[in-house]
Every structure is written in structure tokens, then in C-alpha cells.
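Same chain, two partners: chain A is paired with chain B first, then with chain C.
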Partner chain A sequence: MVRTADLLPLAVAVPLLGAVVLVITGRRLPRPAIDALVTVWAALEVAGLVLLWLRTGDGHSVSWLGGWTPVHGESVGIVLVGDRIGIGLALLTSALVLAVVVYSWRYFDEPPVAHAGTFPALLLLFEAGMVGFALTGDLFDTFVFFELMGAVAYALTGYRIEDPRPVQGALVFGVVNSLGAYCSLLGIGLVYARTGELGFAQIGVQLTRHRPDALLSVAFVLIVTGLLVKAAVVPLHFWLPDAHSVAPTPVCMLLSGVMVEFGVYGVARVYWVVFSGPHGIAEPHLRATFVTAGVLTALVGAVMCWQQRHLKRLLAFSTIGHVGLFLAGVALLTPAGTAGVALYVAAHAGVKAALFATTGVLLDRFGSVDEHGLYRRGRELPFVGALFTVGGLALAGLPPFGTGLGKAVVEHSGQERLPWLPAVFVFVSALTGGAVLRAGVRIFAGAGPRPRERYAGPETTGGGEEPEIRDPRRRIPVPMLAVPAVLLAPALAVGLLPGPGVALAHAARQFTDRTAYTAAAFGHHVGPSAPVPDVGWNTEGVLLGLVSTVMAVLFAAVAVWGPVLRSPLVGPVTAVCEGVGRRVIVPLRRLHSGHLGDYVAWLAVGVAVLLVAMTV
Partner chain B sequence: MSRSARIRLFWAAAVVFAVVYTLACTGLPHFGTTVHPYGSRAVAASLRQRTANVVSSINFDQRALDTLGEESILFASVLGTTALLRHARDERVGRPRAGRVLPSTRLLGLVMVPLTLLTGVYIVAHGQLSPGGGFQGGVILATGLHMVYVAADYLVLKRIRPLGVLDVADACGAGAFVALGFAGLIAGAAFLQNVLPLGTFGEISSGGLVPLLNAAVGIEVGSGIIVLLASFLDQAVEVRSETDSGSGERT
Partner chain C sequence: MTVLPFLTAGWIFLAGVYGMVTSRDIVHAVGCLAVAQSSTYVLLLTVGYRRGGIAPYFTDTPLRTRTVDPVVQALALTDVVVGATVTALLLALAIQIRKRHGTVDPDALTGLRG
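Here is the complex of A and B:
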């Protein structure tokens, strides 16, 4: 019988071992055997994490690696700490990896022939990095798993080397993320120099013995910079659309579904355990800065999402929009806000992965992800169209989807202090959901007039993509249709069933309780002090969810049928829209230039602004 | 953004960064203090573990999970690089021609290659005693092999470099680290716990698990770097675009 504490390192070791086995046997085994092996391995990881989730319950599971348990409160070792949020995120990751593995059973029929195990092995390494990141209780170890996640993600993004775009996307991804990681390392150095500790809990304890000064704020900002780059927070977000729009579809499902969200998780974890103690980072200051950053990110993501016709780019920008909402929700620094974000992330992962998966079917069929070029061509795929539309509605926050519940809980938690916050949430959900619905109606129903093929402004069309699968005449493989359908189900279950909500409400209370985490790392138990936040549906939440859904449908309808509408209002409205477009949107689009130098300059600006905002 | 605007923006941000970072550094403890909280603890722990090289004790015993992560990053990078640098459909492979090498260079290579390889093995094997270990020794092993490229030519390097075997060795090294971690679990202790007999301080067999983990990393790094460089050399020497149809470059 495996001890609960040992399940923590096993969750990291199992996928690592799986990758090794796949590389070694991948040269001999036929393709179906490799697919079967990696599926079994991914399922094993899910099973282990389910067991860990059940056994840990509302407490903490703690494992000191190498048996370096603290003596007199001091240790030289690394600790893994599993609480509900960390284990839950690891579980979400492993479930999504399993879905991706099944989805790609019939993917990548050819490359690279001599190393058929490479792609699944990279997926498992990616999983190990993310699970390790979710479970570690050590700052430097966080950085190591962050880098493992990154190194694999760059390779997976550039996997289709026949096309120069993925290689460029992977390069931008790699350079910008590495620069962010250097900042994190600088910050870890500052904290280590002051405290001589690397564990979250230990640093947190030591920092309470110093006055808050410039070093503390600068260290905090630098450490979270790498995580904010990963979370694609404006203006550190430029790499994301370039990478997510060109990565192979199964990889996009993981990148947008969970990897980006790990950035927000990391920021919240580092703040709550390390920097939230007495003499830590001042709460109002942090709230103001990070809610602003989150709202700005959400608005930029939503507006840019609406502008796209390249479907994967559209979905990538919608991820930026939603991550902005997640950051704003977490930055409220309340258990209720955190619980709402946890629900939102869980449901969003399923929805976003399903949307990418259906886009993958279009790419497979037609060799294009261009909304305009695909006009009416999706009519032969009604089931895919239905999935795509349901995904769009869920993204808009339609009750009873979990996205709607998460959104409602965060709105409710934030509106006392920031009464305008629900408006931002509704607008961003409506615009991103509306963009998906607009594309869906055009492609799968052929509604409205045929969109123009060319525009004068800056644009990425999404035509002329390489199909990721060789033979487009065969039938669509069943897993490619089953996986998105299955992925939407948990997104619905999170909102519909009371179980996940209650569990995540307890999880959020535990996550925001610094004392309980610190005590658990040192082997003590401290009962929770705050009350459990309320995370059920209420009338107001349902109404706001319906409002954002109706707005999304209206946005889509106006975009599709607006041009053929005959009414005296159309002329002035069009003129206003074009005016706003010229002054605001075209400059915003020009900023997303694809030039690596621009992105690095914006990264520097972002860090400088954060440093000034948090230090002064 | 224009070039000058970009550069101005970057420098403005960089100056702010430099000022604030310098301000933060004034809060650091002074140089040359006699006590460091982690340093004193780590040295004491490595003495207890009978590992003379404290750095190895930290890397392979006290904070072995970090090293597992790091060697996994290397493993992933090698895997990723071979995937990214595979031959695309539109790439043509030309056969490199043999190069001309001075006899004195050849002779020097003949002497130096075995010496360098021996040094590599020494550095890997003595990681628990003296500066060095699996990462450093592995790199020396890989470079030693590539002296053949300098002393002879690419064709000879290709002949003595069993890439298929090295690929598997790379994976086995990475896998061995994880497998050695399981030793602790099997013995009823924690993952990656140093459960082997610790031996006598200063002897080559001291340190328990440390020399074994060093060996695993040495194998992984040595073969990994060779495979990594092979992918790059392959692109540089053998692959040419369709427009350039000339036969192989001189190596």
C-alpha cells in the first residue's frame, strides 16, 4: 500500500519514467502500441492523483524528499505540499493530458519516423513539469519545474517544422519566457540572500523578521515576472497568440487549457505563502496593481479576440481575456474570489480544450482555420458545429456551465469593493464568446453574406495552413469527435453539481490561509480560521450569466447580419465603429507586430512599470 | 514600432529597472559575514552523509529533486531538439566529402581523445569527493568524442558515434535517476532518500546514493550532448536547401 505522502513524488516520477520508457521502446513498437502505452501511462497518472485528492481531503499532504524532515524547524531539503488547489490543478492537468493523448491517437501519422515515441514522451515530460509545479513547496524547485514546462512547450510548439510559422512562434515563446525566467531567478536570489531559505513556508517565516523595504517588493515583482509572462498578462502577453496559433492542435489544448493558468496559480501561491505574512507586501497596494493588470489584460484579450479571423489566434486571444479575469479574481485576495477563479479555471480548461479540438477537426478537413475562407464549408459537419457553438456559449458564461458559475462567484465577491467589476466580466465573456459564435455561425451554418477575403489593415488570415494529418479524404477519426464532447461534460458538471463547488470553496479557504500551509509544511496541523465562502448559484449570478450570453449572441448577430441590415441607424453606427477602429483598434493590432524585439521591449516596460508600482 | 522607438522604449525601461534593482540591493546582507544559515546547515548535513564534496551532497542528496528536474530539462531539450532538427520533407541531404587534416593534428588527436575521455570518467566517478560530478564529467566525455571531428573529419566522427545506442543511453541515464529515487521508497523511506551504506568519508565508495546518481547523470549528459550536437552538425554539414544542389561541403 502506497503512503499518501509518497503519492506526491510519484505524481512527478511516474510521467518522467513514462517518457523514458516511450523513448526507449518507441523505436521498436508499432504506432498503435505506442498510443496504447502512453494512454495507459496517462490514465495511471490520473488514478494516482485521484487517490491523492481523495486521501488528502481538506488537509495537506506533505512529503520531504530524501527524508530531510525538518529538525528543530530547519531542513536542507525540498518539500512537496499538496493541498486541494494544488492537487486539483495537477488532477485537471493529468485529465487534460489523457484527453489530449486520446485525441492524438490518429494524429501526426508521419514525423519523425525513427522516433515515433518522441511526441508522446514530450507530452509526458510536459505533464511532469506542470504537476511538479502544482505540488512543490519550494521556490527554487518551482523555477526548475517552470523551466521543464517551458523547455518542452517550446519544442512542442515548433513541432511542425515544415512550416516556418511554428518555428517562429516557438522562438518568440522561448525567448520571451526565458527572459521572464531570468527575472524570476534574480528575484529568488534576492530572497535567498536575505533569508538563506528556499522553501515557501521557511522564507515566509524568515521574512516576518525583517521590515518591509524595497528589497521585498522588488524580489516579489521579479519572482512573479516569469509567472506573469507565462500567464500572458499585458504587456507581457505578446508571445502567446504567436505561439498558440501555430502549435499543433493537441498542444494548444494543453497550452491554453492549463499551462497559462499555471502562471496565475504561481503568483497566487507565492504571494499567499511567502509574501502575505506580517511585514509582507501591503494588501491594498497589491490588490490595486494586480486587479488593474488583470482588467487591462482581459480587455486587450477580448478586443483582440473579436478582431481575429484566424480561429486558433482568436481562441488564443480569448485565453488572454479569460486569464485577465482569473488574475483580477485572484487579486481580490478573498477566499470567495479564489474559489470563483478555481471553478472558472476548471470549467474553462474543458471548454477551451474542446474548442481547440473542434478547430483541429476543421484544420484536418479543410487545411484552413480562416473564418472567412471556411464560410459555409462546415455545413457537412453538423455535430462539430454543435460542439463549437456550445463551446462558444459556455465561454460566454451561459448558466449552468461552470464558467458561468465561476464568473458569478468572482463577480459577487468583487462587487462590494469594485462595483464596476461585474461589467468587465460580462463584457469580456460576451465579446470572447461572441467571437466564437460569430465564427461558428459563419462556418457551420453559412449565415449572413460572404465575408470579404482581404482587408487593408494588418491581419493574420489563417488560410494556407498545412493540414496536420496527411490524408484529408478519410473519415474523421472518432476520438477527434468524442474528446471535445467529453471535455464539455465536466465543464457543465462543475456548474451543475454541488460537489465541485463545495470542495473548491474549502480549497480556496485553505489556499488563502498562510498559517495552515506553513504549519503543515513543518508537520503541525492548524485548523482553518476563516469561514467557508459561499459559492452557489444566486439570482444575480444567473442573470449576469444570461446577460453576457445574450450580449454574445447579439454581438455575433450584428457582425454576421449587420452588413445586410437596411435601417436608417446602420449608417451612423457603422461610421462610429469605423472611427473607433481607426483610432483604437488598428494601433492596438499594430502593436502585435510579430517582431521579437518589440516583444522584448514591452517585457522590459512591463517589468519597469510593475517595479515602480509596487516599490513606490 | 520603428527601430529607434523600440530601442528608446527598451532603454527607458532598462534604466528604471537598474535604478530600482540597485535600490533593492542596498537591502542585501553585507559581504563576508561568518555565518550563512543554509551554508552551515548544508555543510553539516554533507559531513553527516560522508560526502566530501558539499556541492554534490546538495545536488544529489539534500536537494536531489531539483537535480532530477534539471536533468529532465536536459533530457527534454535533447528530445525536443532532435524533433525540431529532423529532416523536413523539403530538405535534401548531401554526403559530406572527407577533409584534409595535417598529420601532426591527427597524432595529437590520437593522444588527446583517450586522455580526455579518461578525464571525463574520472570527473564523473569522483563527484562525491572533489569538484566535478555527472554534469561536468558528462560534458567532458562528449567534448572528448568531438575532438575526433577536429583531429580527423566528420565522416570519422560519424563512424565512431553510435547515435542509436547513445539515444537509448540518454534515456536510460534519465530513467536511472528516477529508478534510483524509487530505491528509497522500496526500502520504506522517502523518495530519493540516500538509503545505501554511506561508506568511509573521503573514500571513492562514500556518499551512498551520490556516486550512483552521478554516474546516471554522467551517462545521460555525455550521450545527450553528443546526440544534441549530432543534430546540429547534421543540419550544418549534411542538409542543404533545394536551391543549393551542390554536393557536400568540405568538412
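Here is the complex of A and C:
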């Protein structure tokens, strides 16, 4: 019988070991055997994490690696700590990896012929990095796992190394993310200089003995810089659309579905356990800064999402929009806000992965992910169209999808302090959902006039993409249709069933309680003191969800049928839209230049702004 | 402890960032990333430095001997490994970019924008 604490290191070790096995056996085994092996391995990881989730319950699981437990409150060991949010995120990751593994059974039939084990091995390594990141209780290990998942993600993004676009996207992704990680490491060095500790809990305890000063704020800003780059918070977000629009579809499912959210998780974890103590970072300061950053990110992501015709890029920008909402929700610094975001993330992962998966079918069939080029061509795929549309509606927050529930809970918890917050949530959900619906209606129903082919401004079209599977005459593989359908089901279940909501409400209360975490790391048990937040549906939440869905449908309808509308109102409205487009949107699009130097400069600007905001 | 090594680390980091922003060559940009990273080595070793301390191993020295902090050295070593991996990967991507785009000038890579 395995002890609960041992399941923590096992959760990281199992996928690592799987990657090694696949690399060794990959040359000899035939393709179906490799697919079976990796599927079993991914399922094993899910099973281990389910067991860990059940056994840990509302407490914490703690494992000091190699038995290096603290002596008289001092430690040199490395600790893994699992609580509901951490284990839940790891579980979500492993479930999504399993889905991706099944989805890519028939993927990459050809390259690289010599070694079919490479791709699944990289997927498992990626999983190990993410699971480790979710479970670690040590600041330096956070950096190591961050770089592990980062480096594997760069490799996966540029996996099709013979295509021009993926290698470019992967390079930008790699440089910007690594630079962010080195900022984090500088911050970790400063914290170590102040406290002589590296564990979250230990640093938190040591920091209460010092007065807060500029060093602490600078260290905090540097540490979160890397995490905010991963979370694609404006203006550190530029790498994301470039990487997500060129990565292979199964990789996109993971990048958008969970990896980006790990950035938000990291910020929240580091703040709550390390910096939220009596002499830590001031709460109002942090709330103001991060809610602003989140709202800005959400608006930029949503507006840019609406402008795209490259479907993967559209979905990438919608991820930025939603991550902005997640950051704003977490930055409310309330258990209810955190619970809402947890629900939102869980449902969003399923929905976004399903949308990427259906886009992958289009890429497979037509060798294009261009909304305009695919006009009417999807009419032969009604089932795919239905999945895509349902995904769009779920993205807009249609009740009873989990996205709608998460949105409602965050809105409710935020509106006392910030009455305008629900408006931002509704607008961003509606615009991103509307963009997906617009594309769906044009591609799968062929509605409206044929969209324009050329555009004078900066734009990435989705035409001329290399199909990732090279036999368009065969039928669509069943997994490619089954996986998106299955992925939408849990997104619905999160909203419909009371179980996940209640569990995540308890999880959020535990997550936002610094004392409980610290005590657990040192081997004591202290129950969280705050009341459990209420996360059920209420009338207001349902209404706001319906409003955002209706707005999404309206946005899509106006975009598709607007040009053929004959009404006296249309003229002035079009003029206003064009004016806004010229003054605001074209410059905004121009900022997304694809230029490495520009992106690094924006990173420097972002860090500088954050430093000023947090220290002054 | 003097503040000079910390300022040096900051300076090296900024020099790397400046190089990346103004770079006209991807290989050069990856090199600048490595420069920015080397600031973390300087910072970590500074943090662990103790005046008069010797290298932290105890084969033939008494246990009470003053040594520098071994933890940051382990961190710096891990950091070197991470840096080597990332740099190698990025340089491999740079080779592929040269092959596929025929250029290594970031200004000429305009495939992804808007």
C-alpha cells in the first residue's frame, strides 16, 4: 500500500519515467504500440492523482523528499505540498494530457519517421513539469519546474521544424519566457538573501520577522514577472498568440487549456503563502495593481480576439482575455473570488481544448485555419460545426456551463468592492464567444456574404498552413471527433453538478489561508478559519450569463450579416466603428509585430511599471 | 556586505536585455539571453558569499570552519544546467529559422503579426 505522502513525488516521477521509457523503446515499437503505451501511462498518472485527491481531502499532503524533514523548524530539504487547488490543477492537467494523447493517436502519421516516441515522450515531460509546478512547496523548485515545462513547451511548439512559422513562434516563446524565468530567479535570490530559506512556508515565517521594505517589494515583483509572462498578462503577453497559433493542435490544447493558467496559479500561491503575512505585501496595493492588470489583459485579449481570422490565433487571444479575467478574480483576494476562478479554469480548460481540437479537424481536412478562406467549406462537417458552436456558447458563459458558473461566482464576489467588474466579465466573455460564433457560422453554415480576402493593415492569415496529417481522402479519425465531444461534457458537469463547486469552495478557503498551509508544511494540522464561500447558481448569475451569451450571438450576427443590412442606422454606426478601428485597433494590432526585440522591450516596460506600482 | 555585486548583477541583466532589444541577429539575441542569465549566477554567488569563507566541503577541515553557503552554489549549478538546455534548444531553432526563412534578422521575420 502506498502512503499518501509518497503519491506526491510519484505524481512527478511517473510521467518522467514514462518519457524515458518512450524514448528508449520508441525506435523499436510500432506506432500503435507506442500509442497504447503512452495512453496507459497517462491513464496511470490520472489514477494516481485521483487517489491523491481523494486521500488528501480537505487537508494537506506533505512530502519531504529523501526524508530531509525540518529539524527545530529549520530545513535544508525540498518539500512537496499538495492541497485541493494544487492537486486539482495537477489532476486537470493529467486529464487533459490523457485527452490530448488519445486525440493524437493518428496525429503525425509521418514525421519523424525514425522515432515515433518523441512526441508522446515530450508530452509526458511537459506533464511532469506542470504537475511538479502544481505540487511543489519550494520557491527554487518552482523555477526549475517552470523552466522544465517551458523548455519542453518550446520544443513542442517548434515540433514541426521544417515549417517556417512554428520555428519562429517557438523562438519568440522561448526567449521571452526564459527571460521572465531569469527575472524570477533574481527575485528568488533576493528572497534567499533576506531569509536564508527556499520553502514557501519557511520564507513566509522568516519574513514576518523583518520590516517590509523596498527589497521585499522588488523581490516580489521579480518573482511574479516570470509567472506573469507565463500567464500572458499585458504587456508581457506578446509571445502567446505567436506561439499558440503555430504550435501543433494537440499542443495548443495543453498550452491554452492549462499551461497559461499555471502562471496565475503561481502568482496566487506565491502571494498567499510567502508574501501575505503581517509584514508582507500590502493587500490594497496588490489588489489595485493586479485587478487593473487583469482587466487590461482581458480587454486587450478580447478586442484582439475579435480582429483575428486565423482561427488558432483567435483562440489564443481569447485565452489571453480569459486569463485576464482569472487574474482579476484571484486578485480580489477573497476565497469566493478564488473559488470562482477555480471553477472557471476547470471549465475553460475543457472548452478551449475542445475548440482547438475541432480547429484541428478543419486543419486536417482543408489544410487551412483561415476563417475567410474556409467560408462555406465546413458545411460537410455538421457534427464538427455543432461542437464548435457549443464551444463558442460555453466560452461566452452560457448557463449551465461551468464557465458561466465560474464567471457568475467571481462577478458576485467582486461587485461589492468594484461594481463595474461584472460589466468587464460580460463584455470579454461576449466578445471572445462572439468571435468564435462568427467564425463558426461563416465556416460551417456559410452564412452572410463572402468575407474580404485582403486587408491593408497588419494581419496573420490562416491560409497555407501545413496539414498536420497528410491524407485528406481518409475519414476523420474517430478520436479527433470523440475527444472534443468528451471534453465539453466535464465543462457542463462543473456547472451542473454541485459536487465540483462544493469541493472547490472548500479548496479556495484552504488555498487563501496562509496559516493552514504553513502549519501543514511543518507537520501540524490547523483548519482554515474563514467561512466556506457560497458557489451555487443564483438568479443574477444566470441572468448575467444569459446576457453575455445573447451579446455574443448579437456580435456574431452583426459581424456576419451587418454588411448586407439596409437601414438608415447602419451608416453612422459603421462610421463610428471605422473611426475607433483607425485610432485604437490598428495601432493595437501594429504593436503585435512579431518582432523579438519589441517583445523583450515590452517585457522590460512591464517590469518597470510593476516595480513603480508596487514600491511607490 | 557591499552593494556593488548586486548592482553588477543588475547591470549585466540590463546589458543582456539591451542587447536583445537592439539585436539584428537571432544567434546574437540568444547570446544576449545567456548574458542576462549570467547575472543570476553573480547574484546567487554574492548572496552566499562570506568573507574569509572557504569552499564548502569538509574532507580534511574541522566542522567549525567558516565556509561560503553551499545552497546557492547548488542553485547556480542547476541554473547553469537549465541555461545550457534552453540555449541549445534556442540555437537549434535559430538554425531552422535560417534554413526556412533564409535570414536570421528579427526585422525580416514578419510572418506573425496583427
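Here is the rule we use: the second predicted complex is superposed on the first by the 616 of 616 C-alpha atoms of A that agree within 3 Å, B and C clash if a C-alpha of one lies under 4 Å from a C-alpha of the other, contacts with A are read in each partner's own complex, and residues count from 1 in each chain.
The criterion applied here is as follows: a residue touches a chain if its C-beta (ideal position, glycine included) is under 8 Å from a C-beta of that chain, and two chains touch if they have at least 3 such contacts.
All values derive from a computational prediction rather than experimental measurement.
Visitor: Touch test for A:Leu122: chain B only (first), chain C only (second), both, or neither?
Guide: After superposing on A, A:Leu122 lies in contact with chain B but is clear of chain C.
Visitor: Looking at A:Val246 after the superposition, I want to know if it touches chain B, chain C, both of them or none. Which is it: first, second, both, neither?
Guide: second
Visitor: Could you say whether A:Val144 touches chain B, chain C, both of them, or neither, answering first, second, both or neither?
Guide: both
Visitor: With both complexes overlaid on chain A, does A:Leu17 touch chain B (first), chain C (second), both or neither?
Guide: First partner only, chain B.
Visitor: Of chain B and chain C, which one contacts the greater number of residues in chain A?
Guide: Larger number of chain A residues touched: B.
Visitor: For A:Gly169, select first, second, both or neither according to whether it touches chain B, chain C, the two together, or no partner.
Guide: Only chain C is touched by A:Gly169; chain B is not.
Visitor: So in the superposed three-chain picture, is A:Val600 touching just chain B, just chain C, both, or none of them (first/second/both/neither)?
Guide: Both: A:Val600 reaches chain B and chain C.
Visitor: In the overlaid three-chain picture, which partner chain does A:Leu179 touch, first (chain B) or second (chain C), both, or neither?
Guide: A:Leu179: touches chain C, not chain B.
Visitor: Which partner does A:Val76 reach: the first (chain B), the second (chain C), both, or neither?
Guide: both
Visitor: State whether A:Ser63 touches chain B only (first), chain C only (second), both chains, or neither.
Guide: Only chain B is touched by A:Ser63; chain C is not.
Visitor: By the touch definition above, which chain A residues appear in both interfaces, chain B in one complex and chain C in the other?
Guide: Overlap of chain B and chain C footprints on chain A: residues 76, 140, 144, 147, 151, 154-155, 158, 161-162, 167, 170, 186, 190, 192-193, 198, 593, 595, 597-598, 600-601, 604.
Visitor: Taking the complex as given, what residues does chain C use to touch chain A?
Guide: 9, 13, 17, 20-23, 26, 29-30, 33, 36-37, 39-40, 43-44, 47, 71-72, 75, 78-79, 82, 85-86, 89-90, 93-94, 96-97, 100-101, 106-107, 109-114
Visitor: Could you pull out which chain A residues touch chain B in their complex?
Guide: For chain A paired with chain B, touching residues are 5-6, 9-10, 12-13, 16-17, 19-21, 23-24, 27, 63-68, 74, 76-78, 80, 111-112, 115, 118-119, 121-122, 125, 128-129, 132, 140-141, 144-145, 147-148, 151-152, 154-156, 158-159, 161-162, 167, 170, 186, 190, 192-198, 213-219, 591, 593, 595, 597-598, 600-602, 604-605, 607-608, 611-612, 615.
Visitor: Please name which positions on chain B make contact with chain A in the complex.
Guide: On the chain B side, the touching residues are 1, 3, 6-7, 9-10, 12-14, 16-17, 20-21, 23-29, 36-39, 41-42, 45, 58, 61-66, 68-70, 72-73, 75-77, 79-86, 88-90, 164, 167-168, 170-172, 174-175, 178-179, 181-182, 184-185, 189-194.
Visitor: Going by the contact rule set out above, which residues of chain A touch chain C in the complex?
Guide: So the residues of chain A in touch with chain C come to 76, 140, 144, 147, 150-151, 154-155, 158, 161-165, 167-172, 174-175, 178-179, 182, 185-186, 189-190, 192-193, 198, 241-242, 245-246, 307, 457-460, 589-590, 592-598, 600-601, 603-604.
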